[in-house]
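To start, the structure under review is shown below, and the notes come after it.
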Amino acid sequence: MLAYNTGRRLDLFEIRIMIVLFTDFGADDIYVAQIKAVLLQQAPGTPILDLLHGAPNFDPRPAAHLLAALQASFPTGSVFLAVIDPGVGSARDAVVLEADDKTYVGPDNGLLSVVAARAGQVRTWRIVWRPPMQSASFHGRDLFAPIAASIAAGNLGKDKLEETFGLSVRFGADDLAEVIYIDHYGNVLTGVRAGNVSRGAKIEAAGRLLGYARAFSEAPAGSAFWYENSAGLVEIAMNRASAAELMGLRVGDSVRVIS
Amino acid sequence: MLAYNTGRRLDLFEIRIMIVLFTDFGADDIYVAQIKAVLLQQAPGTPILDLLHGAPNFDPRPAAHLLAALQASFPTGSVFLAVIDPGVGSARDAVVLEADDKTYVGPDNGLLSVVAARAGQVRTWRIVWRPPMQSASFHGRDLFAPIAASIAAGNLGKDKLEETFGLSVRFGADDLAEVIYIDHYGNVLTGVRAGNVSRGAKIEAAGRLLGYARAFSEAPAGSAFWYENSAGLVEIAMNRASAAELMGLRVGDSVRVIS
Amino acid sequence: MLAYNTGRRLDLFEIRIMIVLFTDFGADDIYVAQIKAVLLQQAPGTPILDLLHGAPNFDPRPAAHLLAALQASFPTGSVFLAVIDPGVGSARDAVVLEADDKTYVGPDNGLLSVVAARAGQVRTWRIVWRPPMQSASFHGRDLFAPIAASIAAGNLGKDKLEETFGLSVRFGADDLAEVIYIDHYGNVLTGVRAGNVSRGAKIEAAGRLLGYARAFSEAPAGSAFWYENSAGLVEIAMNRASAAELMGLRVGDSVRVIS
């Protein structure tokens, strides 16, 4: 999407430009600052960005597609701390993923798997290190944040990871013909990449057929349309109104491309 | 309001102290981090403040009055990235405004015009630069953020702007006798500057007449009053209760000063 | 909780590692950025963390217990700017508290008193300095922020404080057998420290008796349980559901430990 992605492959032990948080911990809640306290201490000076803390709870699949689309807006060398982890405290692995020019730290529950499946070059590691004190419920702070900070600071101990032959849970590279996110305007993001859809195609959603518009300002006020959003996805929207509310759409609802 | 505003006029090519975001992109949504990623790369080290991402959607007029009041709390040399832009993708211009000691980047849809009308010294430019890749819907990230970052970093290319004879859409310097914002306590901010209102005046709103109180603690619990808020505006409030909810007030509702 | 708390006692005039905000100013509202503008100018380079801006309005007691539990996640030398201040503009004092290895700035209304009561070493000061311009309603920006910034920057003028013999309003060190916070998942935090409760104990809340589970993944989906949360408190939760909503629990509701 943006011109400053160079595609250069980074080494896991190189200092990084920023840490990007993508979680379901709640932007207004008590958890994010505790993660940042760890990052600030162990990777001082590295900027921390809050990409999303309201990723759909309890289901990593739509979030995996959202992350795969949004990562393109962040520069080479970004480290993503991606935690949507309903299985925290269970046996799922904690992993590190290098996918082309960026690095991801999170649970091995599929969340990182769409990024991995679409990348040209991929390496994966299991996190074998365990913190001296680990709460049962907040691995984001106790386990994932120290690893992400070490990667950002370029001082990850090599014995903390064990290379693996890929992720265990994989959702694949294909588009997801579902609603994956609804923004605060009520715009409806799907898991379909707009590059795969001709401008003459219709999108079927909630029993309606929607045509294409290039921009909000080209659509008549109050009528729904689809367009290529700023992350490259097919998005359903209405000019100055909430498409989600007026069409009754929710995360997980199916959509269909009709060419 | 605050003592550290020196009123010194800044040059457009001088390094700035902070970037202040004032948008309707949603504090908890996926857009702000994408803007910050651009700012962090192109103006590394410049602090970024989130003043408001919940500015009233779709209407720049109340937001223009809110911005004009709030800017006083930020220091000389601040760069405001102000984007409330229902016309994104249409023909409205993108502009830079220097108003006294601060700089503003945003759409020419009136949002910056109250700041401009109240400033002693004003210069305006049209942004003629276009990014190599520009999405149809997210000029905040693709167009406004790179310009704001260049100004903050003191390395704006002179050919990116074209000086103009003022803004196209102008709301004027006068107070706006309307509700312009409702905060999370339910306090009701108006576009009337308290310096223009005598302490003996009443404020009429939602069919009621409200008297003045100096502070929340001086008003009886549960009764509505008006006071001069921390941004210098007439604000309608109740002690330990939501005035907006109990009086049924919303952004855009009229108020009247009765002297 | 975390290993990096050294317990070393800090001097009030030593430069600090981070400023932590704990307020009821609203994470998405217009107030926090105004506070940060002051901190950024007067303590440039000090990271600022947003721990919570949605602390229960109008009642410092549950917030005092929440703060006492959460401070453990922040490192030695943190400065907390803690403002929940329904009495702003009234006669309550503004204070600075040193409690073991951290410093707290806020109103003397009980908010800091649980931290103080549980600390090994405590010193307290009244803030006698007044800013040149002080709004009646926003002491967070005008009074508390400059003091917190000076402490963080290690350049607090000694004449700005007057040492006192403790806080005026004191809630004491004991656990609070009430709901003190509900997070965005609907998990219900109590003011009971889990270290004081045996794993065989039941928690009575909303007329139900809840047993212990170590982790979310160990509890059957849809059934309520209690566990030791990541801040060391007894927390009532349900696996993949909102305990607060399904049990009808709110901040201030009583709970009981049944051994």
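The chains carry the letters A, B and C, assigned in the order they are written, with residues numbered from 1 in each.
Going forward, a residue touches a chain if its C-beta (ideal position, glycine included) is under 8 Å from a C-beta of that chain, and two chains touch if they have at least 3 such contacts.
Keep in mind the model is a prediction, meaning the values are calculated, not measured.
Novice: Pick same or different for copies chain A and chain B, depending on whether their interface residues overlap by over half.
Specialist: Chain A and chain B contact each other through largely non-matching residue numbers.
Novice: Quick one: superpose chain A on chain C by CA and send over the rotation angle as a multiple of 5°.
Specialist: 120
Novice: Quick one: chain A and chain B, Cα centre-to-centre, how many Å?
Specialist: From the centre of chain A to the centre of chain B is 31 Å.
Novice: In chain C, which residues are in touch with two or more of the other chains?
Specialist: 27-28
Novice: Where on chain B does chain A make contact in their complex?
Specialist: That would be residues 26-34, 36-38, 40-41, 57-58, 86-90, 131-133, 135-138, 141-142 of chain B.
Novice: Under the touch definition given earlier, write down the residues of chain C that touch chain A in their complex.
Specialist: Counting only chain C, the residues touching chain A are 1-4, 17-18, 20, 27-28, 47, 49-54, 66, 70, 73-75, 78, 181, 183-185, 214-218, 227-231, 240.
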